[in-house]
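Once you scroll down, you'll see the structures, which are given as structure tokens.
What follows is chain A paired twice: with chain B in the first complex and chain C in the second.
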Partner chain A sequence: MTLLSLGSGVVQASDELHVASQYQNAMGQIQNNAWLLVALPLLGAAVLLLGGRRTDRWGHWLAVALSWAAFVWGALLFFSLVGLEPEDRSRVVHLFDWVSAGSFKVDAGLLLDPLSVAFVLLVTFVGSLIHVYSVAYMEHDPDRRRFFAYLNLFVAAMLLLVLADSYLLLYVGWEGVGLASYLLIGFWNHNPTYAAAAKKAFIANRVGDVGLSLAIMGMFAAFGSVSFSDVLSSSEGASEGKLTFIGLMLLLGACGKSAQFPLQSWLGDAMAGPTPVSALIHAATMVTAGVYLVVRSGPIFEGAPNAQLCVVIVGAITLVYGAIVGCAKDDIKKALAASTMSQIGYMMLAAGLGPVGAAFAIFHLLTHGFFKAGMFLGAGSVMHGMNDSVDMRRYGRLSGAMKITWATFGLGWLAILGVPPFSGFWSKDKIIEAAFIGEGWRPWVFGSAALLGAGVTAFYMSRLFFMTFQGGSDNKRWPKDAHPHESPLLMTAPMMILAIGSAVLGLALGVSDGLVHWLEPVVGAHGEEEPVLPVAVLMTLTLALVALGVALAWRMYWQAKVPAVAPRGSLLTRAARRDLFQDDLNEALFMRPGQYLTRWLVYVDNRGVDGAVGGLAALVGGLGGRLRRVQTGLVRSYAASMLAGVVILLGGVLAVRI
Partner chain B sequence: MDFPWLTTIAAVPLVGSAAVAALPSAFAPRARHVALGVSLITFVLTVVAALQFDASAGLTGTGFQLTEQHQWIPQFGVSYALGVNGIGLVMVALSTVLVPVCVLAAWNEVQADRAKIFFGLVLVLETMMIGVFVARDVFLFYVLFEAMLIPVYFLIGTFGGAQRRYAAVKFLIYSLVGGLVMLVAVIGLYAAGPGGEHGFLTSNLTGLEFSGVGVERLLFIGFFFAFAVKAPMWPVHTWLPDAAAEAPAGVAVLLVGVLDKVGTFGMLTLCLPLFPEASKWAAPVVLALAVVSVLYGALLAIGQSDLKRLIAYTSISHFGFIVLGIFAMTSTGQTGSTLYMVNHGFSTAALFLVAGMLISRRGSQRIDDYGGLQRSTPLLAAGFLMAGLSSLALPGLSSFISEFLVLVGTFTRYPAVAVLATLGIVLAALYILLTYQKMFTGPAKEYAAGWSDLNAREAWVIAPLIAVIIFLGFYPKPVLDVINPAIERTMQTVGVTDPAPTVAGIETDGGGK
Partner chain C sequence: MNLVNWLYLSVLLFSIGAATVLVRRNAIIVFMGVELMLNATNLAFVTFARINGKVEGQVIALFVMLVAAAEVVVGLAIIFTIFRTRRSASVDDANLLKY
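Showing the complex of A and B:
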């Protein structure tokens, strides 16, 4: 009896073992095939682009399905990592030998770890929601198929970017999102302004790419490798000078992609793309890539305090800059774009603080992904109901006409304000706290910037929200032919899901520091550093400033009647409307001198360089004319002159020899 | 003696050319069919020959394979000696891929009564291009190097645009001046070498003890000058925009895509191994010229109003990169340069050919005469954009790998030079995207209302090029595997090694494993 039960126990145990090994096997398969994450949306893009008009009818649904399929695989991947011990949650899946040239060798491989998987989930989930929304939003566009092909390409490139196991492969995804954004910003490029905006985005990104390229070159020169594992594990051995160079170049790259000062000017113009594109660029893909790059390269910045300081400075400048610009914009999308710039500034600032802030940078990136995507889709819904007008001065009191849009947008608004318990509160407050950690002048300057930014954010986001949805009955500033109405379910459903995320994601990830612990193996643990002011004081100050901002906006844009045409405004307002003269500066410093240089060079090349050689040619021609007389047609004299020539040549050679 | 693969590959187009010439005039329109067939046979033969090539054996013996050697003019030490290493092989492959593409592209461009001349000359040119890449005898190389001018001269001068005579003569004069300087150096090299029946064999001229540094340097300059004109580098580049702008698109492809590579090919496979010390001596100046070429070519491209001139200037910029990688004297840079020669061939071919398709529809090369074409002819627009993205070295496309290898190889030895050259990537984005913006974006224009988009023949011209560009971007291994041993050998001959990583103690076995 006992023997029997023992036997059955053994069987059971081996069964369990079997099940366990099967489970592990399945998890391993999920990880080994992580390339599907990139391949699925890429396949969608290929089918839609190569299939042409034949795929018009169902192409968008294929794109949606493949994007969701990538999400499902990402979720499985997440669970396969959750099952492991924290220190085992990093795995490189080798794909193939990619480049091997002389001493430069790079394999194509995917790095699966808590950081990359967090991005995968954000990109695929928010990205897929945007896909769904776009089915309805782009319904009447004759090129909807092409639009979805580019969306899929965008998602594939972003996934490659975050999953790459080396800086070089990351660069492929990096430029892939650049290309996808170029194609999507210029999707309606029959409008010349939009075409120019697309080009501008690509060029600004290319300036950043110079940085990324040089950083990778510097890594190879220093470490003989460009894979994350080699570079990041051995960065301690490199001199500070080298790491500073690499760090600053990485920062330049990040500035281009993430629209940080001084390469931020493309982001506002990028609103030329259809609104779902803006949501994609601002929330799930593209602009978050710079933050990813800085956080991923943590060990490099750890060894280069000066580069780190530059990251923080760039973040601080951009967050204030974006906030100021955001206050003056009347175009709802441009106001949101400025807000993105500012929020990414927060993330950059946090990323530059090192382990103290890196996890919060990612935390804010995730929550921001939800609420910003939600608000952009909301803006699209508003435009949908307002004949594609983007002028908030012609909105007002839309809350009644589009209730779902109003409610979902409202949740996003509360989240970005950092009102407890909504998402932004959990992530942004932590960044403000982290900014106040440190010694000397830094915590005071950076902390104050972050704190001030929170107040200004509250003002301009409330301004946006009130101008669009609120106000008294005299604030219905709608154009005559506008009949605002709620958008179809395909559009509102993604907005509702994102709104739920805006409401609870911060709580879910922030309570008991779940996300911070999850990321700890990658970004390092933050110590017990205390801010220079007590946390409670900081929190109170933040909330007070936020309340002040909201109150001010309430008085100016809800209570008072908003003029339907923008008043002239103060000097600062006018400057902010022009993005604080960034474009004018670029034009004066680079564009116009560049044009003059090019024109001058073209002139010189035709007259100078060519002229000099042309003159020589004329000389030769004249000589030739004279020489013609020598050509007597006698073979004998040719032979003699050839002989003479050879003798002279050989003589010359011998003379040099002697 | 094994089967003479290289002679066969080189001879087939020549025979084909004779066949084209011999066609009765009633069958003159068939010349293009014959030319296409012959060039495809040549391509297939090249593939078969390439399969005989053992990349891993690149470091044994002379490093050359598929060798043939016969006496030619023993009195002067001239031999008929052929053979390829990895570098030569990929160049031959590039040539034989591009010729059928160009024949197909020129299908309807040439009047039937002149088709015999055109296609006959193209095939003669193919023979010479192949010959120059497989010659193992310096004199044979020189003869082919000069003889190549003849078909090109006639192709531009006869079939080119309005300024064709001027362009052809300019091309000829530049090339002849370069060639004559080289001739002096060729004779001088013979005098410095061991002489005898095989005195011109490259293997006999490698590792010479020159009687003085001055001799080696002078000889180096003689060769280098000719190659710099051919490549072309700043400031001897001005013939190229004229020649490329006036040449028919298919000829421009062969001119810029293959012929000019003879210059950089010569630098890598003749200048460096024959004159190692002089090459190292000249490297700083050459690198400076290369960087100037990179930036100057790109800036000039931005300023062009003529589409084909623009592409020519982009190539001057690209040749700057190739020379940069060669003279940075790192295995990474030189491998990158060799791969660059291949990739540039494909991307420039695609650009020129799409440009040709547009020009044949519009009847103008002026960029300002275009606009809004993405709405009217989306496939042509897509083709141009893909070719352009390849030209600006978009990561994921083949040209990125080669350009990055050049830069990273240069950086390890000359960081400042690499930084300057890297600025070229911004300029590249400008010259491509500005052009795309002007020609393809904006509202659809009336002039293009009746245009047909890419037709089947044109698709067959462009699609293979784009497929190769994408494939080699993700999987350059087949080409790199062939190039690597040849470069390793070149580095040994020159006597240079890669700078070691400055931070010691890392096992670099290729990426994260």
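Showing the complex of A and C:
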């Protein structure tokens, strides 16, 4: 009897061992096949683009399915990492030898670690929801299939960007998302303004890309490798000058992609794209790639305090800049775009603070991805109900007509305000606290900027929310032919899911510092630094400023009647409407001189280079024409010239002799 | 007799030949001028051979005679053909190649 029970115990134990090894095997398989994440959406894009009109009827559902498939794979990856010890949660999956030229070797591989997997989950989940939303939003567009092909292309490129294990492979994804962004901003390219907006985004991104490519070249020159593991591990011993150069060039790249000062001018115009694009690319994912780059390159910035300071300054400037611009825009999408810029400024600031803030940068990035995407989808739903009008001055009191949109947008609004317990409170307050950590003047300047930004954010987001959804009965400023109505379920369902995320994601990830601990192996642990002001004081100050902002907006845009045509406004308002003269500045500083330069070069080419070539040809031709006369056809004259030649030669020989 | 005088004679003959080539129009006369120049050089070659006591000058003179004989054949044939087609032996009329 005892023997029997002993035997069964052994069998059970070996069974458990067997199950465990099977489990490990399955997890290993999931990680080894992480390339599927990139391949699935890429396959969708290829099928839709190559299949042409034949795929019109079912193409969008294929794209949706492949996007969700990528999400499922991403979730499996996440669980395969959760099962491991924190320090083992980093793995490079080698794909193939990519470049092998002399001493320069780059392998294409995917880096699976907590940071990249967090991004994968955000990109695939929000991306898939927006795919679903777009099915209804783009229903009446004859080119819906092309739209979905580009969306899938974007998801593939973005996943490649975050999963790459070297800067060079990241660069491929980086350019891929730039291309997808260009194609989608200019999706309605029959409208010249939209096509111009796409070009503007592309060119502004090129400026940043030059920085990124210079940074990669600098890495190769300094470390002889461009893979994350080599560069980041050898950056500790490198000289500060080299690291500063690489860091500043990385920052330039990040500024271009993330619409940070001074390369921020393209984001407002990028709103020309269909609204789901604005939600996915220009709010939730692509524009945050710069933050990812800075956080990923943390060790480089650690070794280059000056470059790090530049990151923080850029973030602080952009967060105030975006907030000011957001206060003046009447176009709902442009106001949201300015807000995106400002929020990414927060992330940049936090990323520049090093391990103290990097985890919160990613935290805010995730929560922002949810609530901003949700609000953009809400804006799309409003536009859908209001004949594609984007002018908030013609909205007003839409809460009754679009209850679901109103509620979901409201949750996003509470989240971005940082009202406890919604998402933004957990992530943005932490950034403000982190900004107040440090010595000397820095915490005061950057902390105040972040604090001020929170107040202004509350004002302009409340302005947007009240102008669109609230107001007294005299505030229905709708155009005569507008019949606002709620959008179909395919659109409202993603909005609801994102709204739930906006509400609880911060709580879920922040209450026990879950995300911070999850990211610790990548971004480093932050010590026990205390802000220069007590945390309670900071929190009270932030909430007071937020309340002030909301109250001001309530007074101006809910209580008072909002004019349907924008008043002239103060000097600051007018400047903010024009993006604080960013475009004028760019035109005066870069475009005009560039035009003069090209004109001058054309002149030099026409007159100088062409003139030299043409002149030489004319000279030879003319000379030939003259010399032709010598050929008279008279034999005797030829004989005479021969004789003369001989006489001259002989004379010459004689002269030399004597 | 001084051998240099032969050189003076050669120069004289060459000059006469060259002047004939330059001033006369009749192709036959021009041709005769050419022959005169060739023979003047032959004379110079032979004279130099004597002066230097070497045989090469005489050898070259023989070569020149040989080539001159061939040249006379070809040249006269050309002049004859031109005369037959253009009814003229004037070298000034044979100018078609200028075009």
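The working rule: the second predicted complex is superposed on the first by the 619 of 658 C-alpha atoms of A that agree within 3 Å, B and C clash if a C-alpha of one lies under 4 Å from a C-alpha of the other, contacts with A are read in each partner's own complex, and residues count from 1 in each chain.
Methods note: a contact is a pair of C-beta atoms (placed from the backbone, for glycine too) under 8 Å apart; a residue touches a chain by one contact, two chains touch by 3 or more.
No experiment lies behind these values; they were computed from the predicted model shown.
A.B. asks: Would you sort A:Gln24 into first (chain B), second (chain C), both or neither based on which partner it touches?
C.D. replies: After superposing on A, A:Gln24 lies clear of both chain B and chain C.
A.B. asks: State whether A:Arg206 touches chain B only (first), chain C only (second), both chains, or neither.
C.D. replies: first
A.B. asks: Look at A:His190 in the shared chain and tell me whether it touches chain B only, chain C only, both, or neither; answer first, second, both or neither.
C.D. replies: first
A.B. asks: Looking at the overlay, does A:Thr540 come into contact with chain B only (first), chain C only (second), both, or neither?
C.D. replies: After superposing on A, A:Thr540 lies clear of both chain B and chain C.
A.B. asks: Could you let me know whether more residues of chain A are touched by chain B or by chain C?
C.D. replies: Result: the larger residue contact count on chain A belongs to B.
A.B. asks: Does any part of chain A touch chain B in one structure and chain C in the other, and if so which residues?
C.D. replies: Common interface on chain A, chain B vs chain C: nothing in common.
A.B. asks: Can you list the chain A residues touching chain C in their complex?
C.D. replies: 631-636, 639-640, 643
A.B. asks: Which stretch or stretches of chain C touch chain A in the complex?
C.D. replies: 18, 21-23, 25, 30, 91-92, 94-99
A.B. asks: Provide the residue numbers of chain B that touch chain A in the complex, in ascending order.
C.D. replies: Residues 170, 173-174, 177, 184, 187-188, 191-192, 211-212, 214-215, 218, 234-238, 296, 299-300, 302-304, 330-336, 339, 372, 374-375, 382, 389, 394-396, 400-401, 404-405, 407-409, 411-412, 415, 418-419, 422-423, 425-426, 429-430, 433-434, 436-437, 440-444, 474-477, 480-481, 483-484, 487-488, 491, 498-506, 508-513 of chain B touch chain A in their complex.
A.B. asks: Which of the residues in chain A come into contact with chain B in the complex?
C.D. replies: 49, 92, 94, 96-109, 111, 165-166, 168, 171-172, 174-176, 179, 182, 186, 189-192, 195-196, 199, 202-203, 206-207, 209-210, 213-214, 216-218, 220-230, 234, 237-239, 242, 594, 597-599, 601-602, 605, 609-610, 613, 617, 620, 646, 649-650, 652-654, 656-657
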